[in-house]
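First the structure, which I've put down as structure tokens, then a few questions once you've had a look.
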């Protein structure tokens, strides 16, 4: 478990180091069951840090999202480290970014926070509608405790935790320079039931399901921008020449967009579930990405973000790759 | 204009009576609620505090054909005339937002597409009885029961709706209502007034907005923007879901030898929005873009049209993936020296 | 309906093996249905899997990617990369509802003119069974 | 020519090949209506001179800047038409061909269907033609020198050919002397020439040739660069002998404390040598070398009061302070002639090679019968006094070849003939010897081979068809358990000596060259040639050639022929002094490249590397293509998520319009 006071102490020490530029963690949100990414520049700002079931953001995306401003002549670029609080799934994103040289190991300082599951905003808001001002939360034995305005409540974790936490096999960070707490038990198991259930239908049924979802997409690209693995300098979707996908929001372009993103994540998606969490129109994106993570596991015995020395899946091959569909 | 009382069980008949119009109402599209043409009265959902996608999508659709053409010749074929319509279940804040956006689409150029729809489509409002946690309409000149921008205001009582026509379009609609509703008694009016008052008390998000438009220019290089934008993902949620956002991009699409010029929502939070062909970008990072979003609504728009381009609907707060809260930003602007 | 329906198939052929095999089928005057049109690339490794999605969008009812047999690739590894990419892509598009017969991949060497004829035949039959592709085709949607 | 496309479409009849099933006029009419198409012609034979003249005239008169030729396969006439464009100053890559013959008129009978398809193919070709960009075949200078790795007969022959053509050769040999495996042979089949007699003159030529720099007892460490510009690093291993002073007199070896006590590799361990040695008498260069693992002074730092070899050397050539030396030079071509290793029969325990002294390999017998061998040419078993001349001798063939169990499925091509040769030599050296050969097949395929095989049998050497299952000792005899399959008779022949005809295997250190030159191996683990039939000496890397057994088992005539082939291929580059680089290569947009190195991983030629650049002051890593190494396969372009790396002439923005054209067609 992670003791938040110890975490704050670690954060204060870390941010005081002169080779650390900033520390990224979470703070209590501005209303209801929200938390927000918290950028600590000075030791005193570490007091607002929290680590609770509300901390669903995968902060690894900020390692590759931050723009590199032009360095004024005569100045040196700021190469100080960025310290990052990571849960188990987040740490896989850091590992995969290292594998793909999206970041360099010496530029990031990882503070591992073993995690016992984060809440699903929609489930919690449906269960406790009268949330009002900020609600703090904490983990119970197999439950999650919420301090509502109307008092303390405890809900069984299955009712409030995000889907990805039910199938989580990596609650303990795979990579950490500093451990903020001791390891927790792994209780999730992953049979890809959501994917197998979809595979069971026939193509027509599957298309009806996805057509309804993709046609409701408003192309806000939050699923792309939140993803720690989507860090192209100039995404093909934003390009006009060649215009891979047109910008009009209709079933054809939206499907092409979602297929392009899902495919670009094959062998790279570390199932942090952020895309599904942030989608304003609630498209079940994990149900789409997990199809490929299942295939990649079954066909190539490959799990992205688990081994810093591994070669990216789509940049390597094995002479004996199985492919029985080739004429 | 007299006020009608429509029993809830007669609601479906009321919708049927609007047969002459193309009817839009909040419905489940995919997994979220937005305004869509009504094909089955049973699917209309009025319970939610507000739709995910605002009714701007009816007047200013996400993708809209400006005109069609064929390669090789220069005739332009604009889309067919729009038909008369009614959009029902619009919250007062969204209706007010549409009036604010009208300013822009009839500013130096009258936008034919938008204004035609505004003329042809009546707006039937639904007063807010249960404002959501992030509503702050009272702080920006709005009200859970304001009638601005509405042709007819509905207020939900226990077992009926009060329908109060406000404009001639509203009046025309109420004639259709007359067949299925009866006149409202004073008791109903008091009940409605009580509900409106209760709704006002339920709004707990408040911020002092006066003085902000004058203060913003001075905060151009304030650290506030960098601190806020640090966690911003640069996605399009806050702009696409904002009822007063009206920016668009124009592109051509060609299939074979047939083409069309179309307009689609764009967002100032996207990097490409201000990317010049030369590669220069006047707003290169999320700091400038966050600053711009707030300044546009609370400074530039005010200078031009003397109204804050924000109606306090709270969508940008509820749907922001990283909980960037405009009320918090405004509070910090207010407190900044 | 599918009797009159003539599918339109876009094929990506690698220059060294499959394109040469298709040429050989021509020089040996074999006959096969005309539904398949070829885009020549230097190696099956060049075929970006999103070309398949794009082809289905732009009016193809079936797509074929054909390259050298494993081990024969003129550039040594291109077909191995293609095999891995299209194994993944096929799973993805079938998962969202594209019928299995629409996307095909084949190994055709420069000496297999006869095999090329059979491959084209099979691909056309499969596409005909699957019928016209409507799912996410660009078809002037609400122009 | 501004690059607003002005396209000329030329539809070929190809006599009747196209015109019979494709309505060329309808197709031409269709093409004339396409945007940007200025000229449309159809003609009987576009590839003919008058046909090409049509194109040239239109380019001159009409100012065309793109040409689409709808005719046969680009594999047939793409170069022809490129030359046509180049002839009138239009960049040859402004050409796009539509294959309406092999893939249209010849394969469809219905005229309407064929015509419709031809239109569609032209529509797609025009769509791409609009977006073609000019490409320039870059020319690179070729360093007028060649590196040859391995100085066996293959390396020697190639070195002599190239040097005699007037070009500098760096010949690198790992062991102290040139000569390779051939120098270990006594006689060579089928002519029974004495191996040393035909090899030594070439060895001497190689050592004295003014154009050949011989780097014996040296190893290639690194080869960077590309065709015409290879930067080579070679490690000259320390001999601890100053080659300029050493006269090769050999006194040091006699004086050495370990003289006669170290097994000589050259004599397959049967002969002995000292810690300071000359591999074999005719060694070239005839300079002594100190064995660093066995020399007492080098291993224990002390050799009595002082090293006896140094004291004895009148020329003062011995210098224990000598260090390895790294030599760097530039060459235009590389020839890999690293040879083979004989199969180690210990991996076939049933033959008892490691159990019984008188079970030996063919190469060991070669040393025994050789006059410069340990026994001076006598076929003897055992040491010193109790050495005895074997009477009954058995040869077993296909040991370690055509044998899946040891992973060598191939035939080593030489064992049948060297077995016959050795059997003949043994018969000659041991009067009254009883020689028999157990075989599965006899492959006497070469010039004079069958005649020699027939002669050997007539000399009384018995060929028994059967594959011996086991060899074991009985008394002081060896028993060969075998079934004579022709007479279906199980035999247990008692013999004095068994000779195993071991096959040829890739060298154990083959991996080193693979890593240095990015060669790949064929399934039999020898180095992979570019094409088994049409390019046997080339490799996938331009400017790198193979010669001899490095590319696969072969006998001396084939090796020499291949060495001369490799030399001539190298000379093509060296003599022209220039080499054209593939034009349709990849290039990187360094502003959008994120440095994820997918393309670096994927490129089979190592043509892409990550380089550090400053993007407005920030140090970032981006990919960069080495234009000379890139072969233009495009695998990198398909792997790049942001499309930052593209392949010229096959860019995404050129292929997507083709897909669109083939998709929607009016």
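Letters A, B, C and D mark the chains in the order given here, with residues in each chain numbered from 1 onward.
The rule is short, and it goes like this: contacts are C-beta pairs under 8 Å (C-beta built on N, C-alpha and C of every residue); 3 or more make two chains touch, one makes a residue touch a chain.
Everything numeric here is computed off the predicted structure, so don't read it as measured data.
Chain pairs C-D and A-D differ in how many C-beta pairs are in contact, and the one with more is C-D.
Ranking every chain by how far its Cα centroid lies from the centroid of chain D, the top place goes to B.
Separating the centre of chain C from that of chain D, both taken as means of CA atoms, is a distance of 35 Å. Centre to centre, using the average C-alpha position, chain B and chain C are separated by 47 Å. Chain D has its Cα centroid 72 Å from the Cα centroid of chain B. Among the residues of chain D, those touching two or more other chains are numbered 591, 602, 639, 652, 656, 664-665. Counting partner chains per residue, chain A has residues 69, 236, 244, 246, 248, 250, 314 touching two or more of them. Residue positions of chain B with contacts to 2 or more other chains are 63, 255. Contact residues of chain C toward chain B in the complex are 138-140, 142-143.
Within the complex, the chain D residues that touch chain A are 591-599, 601-602, 610, 615-621, 639, 641-644, 651-653, 656. Those residues of chain A that touch chain B in the complex are listed here as 29-32, 34-39, 57, 61-62, 65, 67, 69, 131-133, 212-213, 215-222, 224-226, 238, 240, 246-250, 274, 277-278, 280-284.
If you check the complex, the residues on chain A that touch chain D are 68-73, 75, 77, 79, 100-102, 231-236, 239, 241-244, 264, 311-312, 314-316. Remark: chain D residues 73-76, 99, 101-104, 106-110, 113-114, 116-117, 120-121, 124, 520, 523, 540, 584, 602, 604-605, 631-635, 637-639, 647, 650, 652, 655-656, 658-660, 662-665 touch chain C in the complex.
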